[in-house]
Amino acid sequence: MKLTTKLLAATAMVSASAASAVELEVTHWWTSGGEAAAVSEFAAAWNATGNTWVDGAIAGSGGTARPIIISRILGGDPMGATQLNHGRQAEELIEAGLMLDLTDVAEAGNWADIVNPSSLLEGCTLDGKIYCVPVNIHSFQWMWLSHQAFADAGLDVPTNWDEFTASADALEAAGKVPLAMGQQGWQQNGAFGVMAVAIAGQDAWLAVNADKNADVAAGPEYAKVFEAAVAARAMAANTNVQDWNQATNMVITGEAGAQIMGDWAQGEFSVAGSVAGTDYTCLPGLGVNEILDTGGDAFYFPVNDDPEITAAQKELAALLISPEVQVSFNLAKGSLPVRGDIDMSTANDCMQKGLEILAAGNVLPSGDQNLSADTTTQIEDLMAEFWSGDMSAADAQTRYAALIASAD
Amino acid sequence: MSLELGKSAYSVEIKQLDLAFGAVKVLQGLDLNINEGEFLVLLGSSGCGKSTLLNCIAGLLEITDGQIWIKGQNVTWAEPSERGIGMVFQSYALYPQMTVKGNLSFGLKNAKLPKDEIEKRVARAAEILQIEPLLNRKPGALSGGQRQRVAIGRALVRDVDVFLFDEPLSNLDAKLRVDLRVELKRLHNQLQNTMIYVTHDQVEAMTLADRIAVMKGGAIMQLGTPDEIYNKPRNLYVADFIGSPSMNFLEGHFEDGRFTVDDMVMPMTGYDFAAPQTANRPAVIGIRPEHVVTGELVRNTPLRYKVDVDLVEPMGSDTLVYAKLGRHIFRIRMDGQAVVQAGETIEIGVDPSRASLFDKATEDRL
Amino acid sequence: MADIAMTGPRGPKPKKRFSRTNIFLYGTLIMISMYYLLPLYVMIVTSLKGMPEIRLGNVFGPPLEITYEPWVKAWSEACTGVNCDGLSRGFWNSVNILIPSVVLSIAIASVNGYALSNWKFKGSEVFFTILILGAFIPYQTMIYPIVIMLREIGLMGDLGGLVLVHSVFGMPILTLLFRNYFTSVPEELFKAARVDGAGFWRIYFQIMLPMALPIFVVAVILQVTGIWNDFLFGVIYTKPATYPMTVQLNNIVNSVQGVKEYNVNMAATLLTGLVPLVIYFLSGKLFVRGIAAGAVKG
Amino acid sequence: MSVVEDRSLQGAAGAKRPIRLFRNPMAKIASIPMILTAMVVFVGGTLWTVVHSFSGSKLLPRLNWVGFDQYERLWETPRWLISISNLALYGICSLILTLTIGFVLAALLDRKIRGEGVFRTIFLYPFALSFVVTGIAWQWILNPDFGLQNLVREWGWESFVFNPLNDPDTVMFGLLIAGIWQGSGLIMCIMLAGLRGIDEDIWKAARVDGIGTVKTYIRIVIPMMRPVFITSLVLIASGIIKLYDLVVAQTNGGPGISSEVPAKYVIEYMFRAQNLGQGFAASTMMLVSVVIILIPWAYLEFGKGMRIMHFLGMIALVLLTLAGFVAVVVAWSFSLSLLLPLVGFLICAGALTAYLRFVKGHIQHG
């Protein structure tokens, strides 16, 4: 049985490559400099197979892009492939039979063995079938520190969160924004999550995010997190930017001391020519708790009536996870590859740090895999309100716990 | 062929016509027969239903019940263009973007007539109406009179038996109106078509009509020749409506062939009763101002009264005198040369045979 | 509100040329004009500056060194994702959306208005009332059902779908516009044409249409500006390849690569606003009539 | 023999009453797009949304009933309440400022000034621009590092702060500046047309009576322009509820969620949060608020004398008043400063009183 499927898949792939060039439209929301460079790697690899990559970049964050992508799939105008965070976002689409089953491709490519951590593939699996290709691992658990900002303030670059908070006043005195924070809910929520893992600890974080334990969310560990967030809010008060990459840019130019942002920020540093270790420092887990959450991007392939397109979709699925493409893409993107069996020696300091943590197995599932989009949106709204206003830590925690209690 | 069709003696027949807009009944059980070649005027004040009736005949309004026959054909539900009618509107309704020629030939083109036939008919209509020099102009460049001529021409080219006119002269100034009225009469004499003409102007009605239908509240009050309408109005409404200045009315009592008002008694000798009158009843007598005799001629009239002149309105050709007769104000039309002054007492004479007598309750002519 | 034609000022006339009232009057008007003109001025000068000059400071200062680079970049080089062909793509998309939408919506609405004023039938007024009330219903309540409807007829994401959506949502105002116009045409003209044997379409094409040219111009202005400026429908019912210019503008301005290039953003903004602005300045009073048409009452 | 007659002879089609539904079939066929739009898209689509707002639909629409759960959650969600109070604040300010500015500009232009055309062109051009363009332009002007704030600081006032787009307390005013800039020209044009529609004799009479200019405007001209004001009011109000593009382009709801508006809440819950039911419930609430505003207006416009409309209008007014006050109370409890909602409260109360008087006056006049 298994053999037959493998053979079938192989045949499908062969016939697809043999077939005439297929145009696949791929939608994604990778529009910042580093991201765009990374997606070009995909496009180049795909075009090299004789097919055509039709780029469907949707600007803004995933929040803007997802509705467009979903309404197109629902609207009967599916794209060839699309980026979506794996996890619960696509569940209903899969249940409605709108996504292509990639199990045969996965088995042919032996994804079960090569994808590390395996939770990534689990995120793509529903009822034993695989519906998406994880392409990278992204972790929010990073803090980026500007060497120049600290030098201007006459300080050493901190090595953990406590040292950083201690230096905030001096940074401010030197006319710097201690913590750059783009004023969008997802960024603020992400930073909060990082602080939660670092301050409340891994167990408390899992209890809240995976088990939806509202008691823990309302408990003393989280109270400390909210206190820290209030402090962080004060440090970020003078950030007059909305987009995450503008905030990153403040770190690059030395306007801001630090930013808590996912590893995709690395792409911005490399585009700007900054060098890890000399121009900036990256601290995983705020330097407190070296751990990575393993969110990431995945590609889904909406069901299409045209067998030629279906074949091409499978071909692209296999291509995205192939070793060479993984290396080139992730180097450009600043993210970690989804397979542990490839050579990433050309990666820079920060990525190496990440790879080590990954190899050591210090991983957490990402928020996306745990909470529904609805709950996430509500929490992001709360965070947006919290970070841009003067809500007290206690109030914020009460409301946060209520949202966790009603999470589905 | 005409036998098969059951050719009627009438050009237009309207049978039991009902028209209602929702709950509002506009026309009710209306019957009207119009003779071949007749010039019929529908006369009434605004809102009496005369234009509505015309629109029903034209097929521009969908009727609620009843039948309309034209030339022996039941056309109740036929399209306007299939009824063999031509229509002229008050506002001319010329197509502004077409030349005069285009206006005249539009209907013929719609009927898919051959080109030379169209040319022929347009030329003929233009000749009759003397609008040949205007053929290539647009309506915007024409005067009101010229426009109405073109509008008539548009009906003319259709070569139909029945012409419908919806207050065609009302938008013209007084002088033009008279000129065009004469022309219309001449046109009717020349063509001998059936014409149905709607107006609120009694002068137009009197001068043009073979018969006049006076309408009120969606019903025909009287249908008759202008002479009948004027001299023998069938009811108070018609009597009051026709004639300017309007008829003098005196309310009183009819008894034994005499009409009594206050202390005056008028024997109705020589009056042409609609039916032999025996019953006594409250009645109204109507006397037209121009039928009141003054001056020397008073002597020849059977009834004479002394009246006090209240007000004098000289109008050039004649003079209107308001005089007190008992407690009533009486309008008297005198010659333009007459010398009368307010405060004077004059003698007037009335001829009962020229008066109209109405039952006060039914308002019908006695 | 039927006619907004300016028949001449009505207010009391100020007495002397340099009276105190006059100075106050013109002073106030000029001050207010500055508020209205400021953004346009700032956009223009910013779009002509280089980034270093912008960073130095004053947005209101005229450019020290005029550069057309931002315009070129906005038009043909600015990136959203890996597509770096600037706004030009959005411009042509907008044109492709605009032309059929304007033609279709006006064609439908003018026939509607004509039917509603001259060929009333049982229920026609009811449908019309619903249509007008529909103009006030928040689009949000209809967005999702329309996604489903477009999917059912296979036009979701297609330009045709957006054209349809624009025609549907343009219908209330345009129908009202045409209905009011055709109602003002003397009814006798219509009757005369019927007596002349013309039917529904012949009267429409040969009598009504040639008379209604001015109102068609008004409708075209109304629709061109409206559709060109649309964002909501563009973002929901199209895909990136067919994004209209407004959506692409928002994308370019909000997809920052490194530093925000304010000059390019402003050039892009001006480019997007250019089409309706040109129409506005060319059409003058007709534009006023066009937009006031939205306010026309029955 | 004429062609028209030929046709009428061919058949007795006119005798048969046609079936009503098939009379003038072309008019009905041509109206199909309108009927479909009205019934399927407007009525059908709206009903569909309302029905599904009682479901627990997530990513895909389903009919798994949850009763009023979505509404309960909606009114417990701070972001929705903030959206509502933002809209109330924006709406009331925008209404008052736009009407005032529109009227004042129109009145200034109506005073026989030179260069009226130039000024009118300047005031109206922003209306040609989209909200996206407007939002981006003002985002740039209000940018604290380069825009107005920076300019004033360069003039020497170092501590000057004007940074509405990054300040949650004042961000709505940043939007308001842009919104009024874009929309007031239209209202000016409508007002100007209204002023021009006022008989010049009114001005002469006022002058003869010795009434001052300002007083004439307030006491005589504005009351005469009541219909113009109502039209403007409805126009502005319906635009306010649709407020979306401007927010997306200028602030995208930020900082935080302090400039969120209901329309954006709907879109984001429908698509981003994948909670269709929640989005439908929110859009239904938007619909309800529009209906509340619309009914009194529809009553004034179309329903004079219709008792049911009068009744509905009164209910709507009561609801409107309640809604206004609830919005203000909500704004009070969520806004960070006290002054703002207090001012809003007064404005709201004033606006409602004015609105009530307006409507009452109309009912009496009607």
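All chains are identified by letter, namely A, B, C and D, in their written order; residue positions are counted from 1 within each chain.
Please note the rule applied: a contact is a pair of C-beta atoms (placed from the backbone, for glycine too) under 8 Å apart; a residue touches a chain by one contact, two chains touch by 3 or more.
These figures come from a predicted structure and were not determined experimentally.
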Separation of chain A from chain C in touching-chain steps, minimised, is 1
Contacts shared by chain B with chain D include exactly C
Computed over C-alpha atoms, the centroid farthest from that of chain B is that of chain A
The pair of chains with the most residue-pair contacts is C-D
Chain-centre distance (mean CA atoms) for chain B and chain C, in whole Å, is 55
Rounded to the nearest Å, the gap separating the Cα centres of chain A and chain B is 91
Separation of the C-alpha centres, chain C versus chain D, in whole Å, is 17
CA centroids of chain A and chain D: separation to the nearest Å works out as 40
Residues of chain A that touch two or more other chains sit at 67-68, 71, 74
Within chain D, the set of residues that touch 2 or more other chains is 4, 23, 252, 267, 270
Going by residue number, chain C touches two or more other chains at 197, 236, 250, 254
So the touching chain pairs work out to A-C, A-D, B-C, B-D, C-D
Chain C residues touching chain B in their complex are 186, 188-189, 191-198, 202, 206-207, 210-211
The chain A residues in contact with chain C across the complex are 25, 27-28, 30-33, 36, 39-40, 43, 54-60, 67-68, 71-72, 74-77, 79, 243, 245-246, 249, 268, 271-272
Within the complex, chain C is touched by chain D residues 4, 20, 23-24, 26-28, 30-31, 33-35, 37-46, 48-50, 52, 61, 105, 107-113, 116, 119-134, 136-138, 140-141, 143, 146-147, 150-151, 154, 181, 185-186, 189-190, 192-196, 198, 200, 203, 207, 213, 227-228, 231-232, 235, 238, 241-242, 244-245, 248-249, 252, 263, 266-267, 270, 276, 279-280, 282-284, 286-287, 290, 294, 298, 301-302
Within the complex, chain D is touched by chain C residues 1, 3-4, 6-14, 25-26, 28-29, 32-33, 35-40, 42-43, 46, 54, 57-60, 108, 111-112, 115-116, 119, 121-122, 124, 127-131, 133-146, 148-149, 167-168, 171, 175, 197, 199-201, 225, 228-232, 236, 246, 249-250, 253-254, 262, 265-266, 269, 272-273, 276-277, 279-281, 284, 287-288, 291-292, 294-295, 297-298
Residue positions on chain D within touch of chain A in the complex are 58-60, 77-79, 82, 144-145, 163, 166, 168, 252-258, 267-275, 278, 336
